[in-house]
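Below you'll find the structure, written out as structure tokens, and then a few comments.
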Amino acid sequence: MMEHCRQTAETLIEALPYIRTWSGKTVVMKYGGNAMVDENLKRSVAQDIVLLRYVGINVVLVHGGGPMISSMMDRLGLEPKFVGGLRVTDEATMEVAQMVLVGLINQELVSLINHCGAKAVGISGKDADLLRAEKIQHPDGDLGFVGRVTSIDSTVINSLTAAGHVVVVSSIGVGEQGESYNINADTAAGELAGALNAEKLITLSDVRGIFRDIDDEDSLISRLDLDEARALMQSDIISKGMIPKLESCIQALDKGVRRAHMIDGRIPHSILMELFTDHGIGTMIDGRPVDD
Amino acid sequence: MMEHCRQTAETLIEALPYIRTWSGKTVVMKYGGNAMVDENLKRSVAQDIVLLRYVGINVVLVHGGGPMISSMMDRLGLEPKFVGGLRVTDEATMEVAQMVLVGLINQELVSLINHCGAKAVGISGKDADLLRAEKIQHPDGDLGFVGRVTSIDSTVINSLTAAGHVVVVSSIGVGEQGESYNINADTAAGELAGALNAEKLITLSDVRGIFRDIDDEDSLISRLDLDEARALMQSDIISKGMIPKLESCIQALDKGVRRAHMIDGRIPHSILMELFTDHGIGTMIDGRPVDD
Amino acid sequence: MMEHCRQTAETLIEALPYIRTWSGKTVVMKYGGNAMVDENLKRSVAQDIVLLRYVGINVVLVHGGGPMISSMMDRLGLEPKFVGGLRVTDEATMEVAQMVLVGLINQELVSLINHCGAKAVGISGKDADLLRAEKIQHPDGDLGFVGRVTSIDSTVINSLTAAGHVVVVSSIGVGEQGESYNINADTAAGELAGALNAEKLITLSDVRGIFRDIDDEDSLISRLDLDEARALMQSDIISKGMIPKLESCIQALDKGVRRAHMIDGRIPHSILMELFTDHGIGTMIDGRPVDD
Amino acid sequence: MMEHCRQTAETLIEALPYIRTWSGKTVVMKYGGNAMVDENLKRSVAQDIVLLRYVGINVVLVHGGGPMISSMMDRLGLEPKFVGGLRVTDEATMEVAQMVLVGLINQELVSLINHCGAKAVGISGKDADLLRAEKIQHPDGDLGFVGRVTSIDSTVINSLTAAGHVVVVSSIGVGEQGESYNINADTAAGELAGALNAEKLITLSDVRGIFRDIDDEDSLISRLDLDEARALMQSDIISKGMIPKLESCIQALDKGVRRAHMIDGRIPHSILMELFTDHGIGTMIDGRPVDD
Amino acid sequence: MMEHCRQTAETLIEALPYIRTWSGKTVVMKYGGNAMVDENLKRSVAQDIVLLRYVGINVVLVHGGGPMISSMMDRLGLEPKFVGGLRVTDEATMEVAQMVLVGLINQELVSLINHCGAKAVGISGKDADLLRAEKIQHPDGDLGFVGRVTSIDSTVINSLTAAGHVVVVSSIGVGEQGESYNINADTAAGELAGALNAEKLITLSDVRGIFRDIDDEDSLISRLDLDEARALMQSDIISKGMIPKLESCIQALDKGVRRAHMIDGRIPHSILMELFTDHGIGTMIDGRPVDD
Amino acid sequence: MMEHCRQTAETLIEALPYIRTWSGKTVVMKYGGNAMVDENLKRSVAQDIVLLRYVGINVVLVHGGGPMISSMMDRLGLEPKFVGGLRVTDEATMEVAQMVLVGLINQELVSLINHCGAKAVGISGKDADLLRAEKIQHPDGDLGFVGRVTSIDSTVINSLTAAGHVVVVSSIGVGEQGESYNINADTAAGELAGALNAEKLITLSDVRGIFRDIDDEDSLISRLDLDEARALMQSDIISKGMIPKLESCIQALDKGVRRAHMIDGRIPHSILMELFTDHGIGTMIDGRPVDD
């Protein structure tokens, strides 16, 4: 027992240099729906976030929720429609998406985080006009209420983080007429990280990171620079699912975010491991050349 | 045209004494689902709220949404259950209620208000543990996740109103384990008005106020004091639907709120008429004896 | 009665977009002595100002008072002197001007505004060295204590408006030796509007605005741009009395004020009509080309 | 020369214990019209005040001006009226008083103080409703606009002193209808000292203080306590002119002011001598028994 | 490696509930000279303190230094003097004590803490008159400059902790004439904990805590309440060296400090073990009955 | 007596223009060990500093202490070592220097200043990493712990002066490993004056200033400009002891300090004479050409 206490103390001391580094900084996280696979893991993410808050980090969590939206649509008997292989967000779909994202997933995350000891507040991009958006025009047809962020008014986030709150954001945008738009959560997180001048963007998904060879478990790329990341976007080794994630990382780094991380949200406490130990566990992209 | 301008100016001047009275005060409103009957009326409520904000009033809007919850349950094939004539909120029902209240109705109100020119932010009682709640024990059986407010931490509302935001609140409470509770919106509004030391509690519903004789359109009670209101609760002239509304008014007045109003939300700009003209349109209950 | 209330509410809502536009902005007004013709009109101006204050506008009112100064000089048996057709402000005249402007007119306006519900504070350009001035050298002879503003220290105005006060300014300047100078009130208002980075300069006088043909009641110019205003200064259609007013407008617009208005202060609530309705009633000059 | 410098330094050091004592405190001064006898003396008072400001004292200067009002009335051909031996302030007299006090004397003091290096702001009791007043009812007849302070709203003074301004106050009060009242300046100063929780009330007049024997130059009372001051009020050794001054001192001390001083404003730098040297030059009344 | 990272994360999460508990609280520590035995241990204490600072705890460290003072006196050829068995602090001794405590030990601790990543500032009780003191009168003779705290002005500590600094305090007091007094460091720490309304007082010495039987290693008392602590002071099982420590704990608890801890500063990271794990390692005294 | 009071008041008024000039400015002083010759003079310096603080000047006092260090080394039997004629600061010497400077001299100055009525706080360059330093490499050999300032983090000084404290600084620097460096106090004062954007740097030593002819008492240079000062550095009329003082003045002026003064600290109240009278007593160097 006493030995255990001693180890705890030593571990805390080992983490100290990292705590020093991140204290006072803003970290934006994207938490993908596919990574929300079981209750224990969600709780582990919530605990990590509360710890970040206690060591002085401003945390903004942007969540997705694709699988839960699909399942709710199914229960409501709504048929998915496609244009050129892309899913269409018609009015009924938009309503379900907003209901599930804002009403269920966001609130569940808020509740989990608060239960671990912080004071989280959930908002959507519609609150205080956080994410102004416009319709994406697609060459193959009308995608409905799928939008792109046109401007960000981050004052509501700043006043909530200044008051010590963790902020949980549903990636819904608001159009000129007050209509809702479905915004890709990776993109929203990248845009927010840029607008908030964040130190870090962390993408929690259900893959371990970027692999040189998708069939080789050992080919995980631990670290790359912005040029290499851009080159990767043009290559064919990057999997389709990773493209929006990698793109949002590049976008955030272009806007001044220092580092972007892609890590596996299914590994318990992967956030803490990435931030507070020497050995990162996913793929990290530096915002400036590696040798700076 | 010129004449119209002149009248506008004169009207503004007539409203000046009222503006002076309310400026800097907090007003809590309950907006009932039955009063949200058409788009124009909802827009009229939103405009009223934005005007209140601009003349310096802190506005907290608590909304209901019974009819929309019922309709969504119907679409999902969920059968309502009853205990002793009361509807039971089982886990599936709670999920639908939260989804509809927080994800749809709250966001729609936020969007409407923002479109009229304010910066509204929507929260639920789960955000920052605003409304802590516990299960209501009912003698006739288990009502499921129907809760009662046990304590209020209004700091998140105070920091949002201080930053100039209108706050829209869904009346969901949070239990000890982070579970959601369905809180009666009238009660939540009354509790919040007390906790925020509000000047006024305004209940917007689909009835004109309290009548001496429910069958006599001309018997509307314009004004009564707290003792008369308490006597009314014991009488048989008060309709069943008005009981929780009147109860929440009395509760708020007991906690120091100065006045409570019950007005018909279906009358355009009924809020402004009640606040900014001599002739109130519903029933007003004074927190202190009428002659003070 | 009920109908009247309904109209009041509708009018307030019509004014909302204007309130939104001006809230938080600074408006400098010049109130000419010739426009202070009767008690009711002065009260109407005071009410307008209080309303502006309540909807969040910072109001600075610069007043004139020529007729009252003349009348007091007459009572004191002081003979006006002239140089090249211009009135000379000798020491005795300066004393009377200061006494009447600061001691009577300013205090009367303060009292009227406070009586309508705001907290006005009256100052002169000598208080806290607000308006530093120097003697105007005139080719035709010594005009005495007629001065020109050399620099403005607006900190006292900023701290009074920040504390919620309406500020009433008598246009007296202070020289290097502490001596008083008579400053043209139109010019002082224009200079202050520039120094305070005001949104608007409003000149309330006893004419309706600028006319294309001074003999044609219907030739009022509703709106012109800065270039047109400059051209007008060179033309012969502008009346002598309007020259300093138009000049101070141009001067203020040159310093970044967005719009200048010349309106008839004898029309009840002309300020509100100009600010809060679609149909302005005087002449408005845009600070930037009309098509921006 | 060098010797002179050395003495200067030594004098400053001798003053240090006094500076330490008064720094951060509020001092209210009454400057009587009879003491404003020549330009050099007024400048000496202004210099003293500026020095107080620089060593961290909040200075509020209440001025009188009887002789200048009489002289202006004379010039305007206004006949003084009396009731029971007391002068009546009819409407015309009130206008002259306000004009002279607010427009001339206040502004002259402001200008003098600013010329010595501070930033003074002049206000009257009408500004921001500083001195609310009501008519004094006199048994012998109507005294016109002679008033008594009913309440003080000192917020405007507090915000001006907090911003580093010296505040010069004309003792005009404001009635319920916005009408002006002539307030005895000694009384106003005493009331303000109480309301501002001042450390000191200093009355600068043209007498050296209170004498035990009015015909004996050497019988000046240097120091007395509150009980002795009260006894003096009942005695017949106190001269008529000193009664309101002594009364306002007692009143201020009753409201918690620590000390009241009556000194001769015609002695150069009498304020500094009283505050910054061991040897006071007038009469000082302690708010608490001398031996505390 | 990866396994090690995982354990780090888990440890941090285990510590979370403790971090939550102490965040924002003030902890006063006494670090005894006997516990400053080697460089590694001092560094371990410094690291612990920096970690406390990063998780939001205000840390005030009061240090002793007896052994170093004795050794310096020895080098300077100063003979210790005694009165009734107690060491006398004559002027020469006081000078050495101050020189060693303030000039060497305090600065060394500041430097160590800063090197671990915080911003420590060292002060003595003489700075800003933090610890006012008077001479202790001893029945057996003159102890010289041995003092007792008469009053504490903790404003300098409050402004330094508010600015994020760790504060290191040398327990020197200042007398009425500016003379220095040697204050027992345990007592000073207890007094400061009371004055700062600290959550905890932690005494780091070279013993493990209080033992029921001083010869029985296994008789360490883990926890006792205030009454038990008081009883212990009267008993004979408490060793002489522990008396001032236990006394200062009782004193602090009497002034409202919640808990006092006596722990062995020679155990690495004993502070973290005591604060951030379940298993305290020394003796803890509760400020209120154990069962509250 | 009365005459004396009058003179005091007049002297204060004469000082007023100087007080006005310096109020709110920052003054850095270097107080050399050779100037600390007797108790009365030290008290005189302390009084001057307290007076500066009361008239609103931020005072930072950097002290030296060479003679006291030498004397303590002597008492400890430490032999001075030299390299190329320069004294070497080995580890033992550094320890003595720090002990004497921080533990004795700094604390004595703090105590003296506080006794005169201010609230001084003593710090060294190690506190909050105020003066980061590195070893000076000397061509003739290892000088030990003699350092040069590499960077200044003046936040701790700013927060202490903002809280009204006089700050006393011992010129010890801190290296990368936390080791102490002996920094020349003249240089440290010059660097601090630059970093704090001070108005003035005042060097108090035991010489009267710079002389054109060192053997001619009457050849004191009262005033020179930056170019002349630079020329002087190259000339042979400047004495060896004055070189570092003159150098630090030039350095400070280069960094934007307005004026540097070299005055004789043994003349009572020399600081006040230099700041608050017309006739400076030492040598003043203007930061910009004399004719600006």
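A, B, C, D, E and F are the chain letters, set down in written order, and residue numbers restart from 1 in every chain.
Note that a residue touches a chain if its C-beta (ideal position, glycine included) is under 8 Å from a C-beta of that chain, and two chains touch if they have at least 3 such contacts.
Being a predicted model, the structure only gives us computed values, none of them experimental.
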**OP:** From subunit A, count the fewest steps through touching chains until subunit C is reached.
**Re:** 2
**OP:** Show which chains lie in contact with subunit D and also with subunit F.
**Re:** none
**OP:** Could you find the chain whose CA centre sits the greatest distance from that of subunit A?
**Re:** D
Subject >> Contact-pair overlap exceeding half with D-F, pair selected from B-C, A-B or E-F >> reply: B-C
Original post:
Can you give the rotation angle that fits subunit B onto its twin subunit D by Cα atoms, in degrees and rounded to the nearest 5?
Top reply: 120
Subject >> subunit B and subunit E, separation of their C-alpha mean positions in angstrom >> reply: 55
**OP:** Compute the distance, rounded to whole Å, between the mean C-alpha positions of subunit A and subunit D.
**Re:** 68
Original post:
Hey, how far is the Cα centre of subunit C from the one of subunit D, in Å?
Top reply: 35
Subject >> CA centroid of subunit A to CA centroid of subunit E, Å >> reply: 45
Original post:
What parts of subunit C, by residue number, touch at least two of the other chains?
Top reply: none
Original post:
Touch graph of the chains shown: is it line, ring, star, complete or other?
Top reply: ring
Subject >> Ordered ring members, subunit A first, subunit B second >> reply: A, B, C, D, F, E
**OP:** In the complex, go through subunit B and note every residue touching subunit C.
**Re:** 1-2, 4-17, 19-20, 23, 44, 47-48, 50-51, 54-56, 116-117, 268-270, 272-273, 276-279, 281
Subject >> subunit C residues within the subunit D interface of the complex >> reply: 75-76, 95, 98-104, 106-107, 110-112, 114-115, 119-124, 126-129, 155-156, 159-160, 163, 165, 172, 174, 177-180
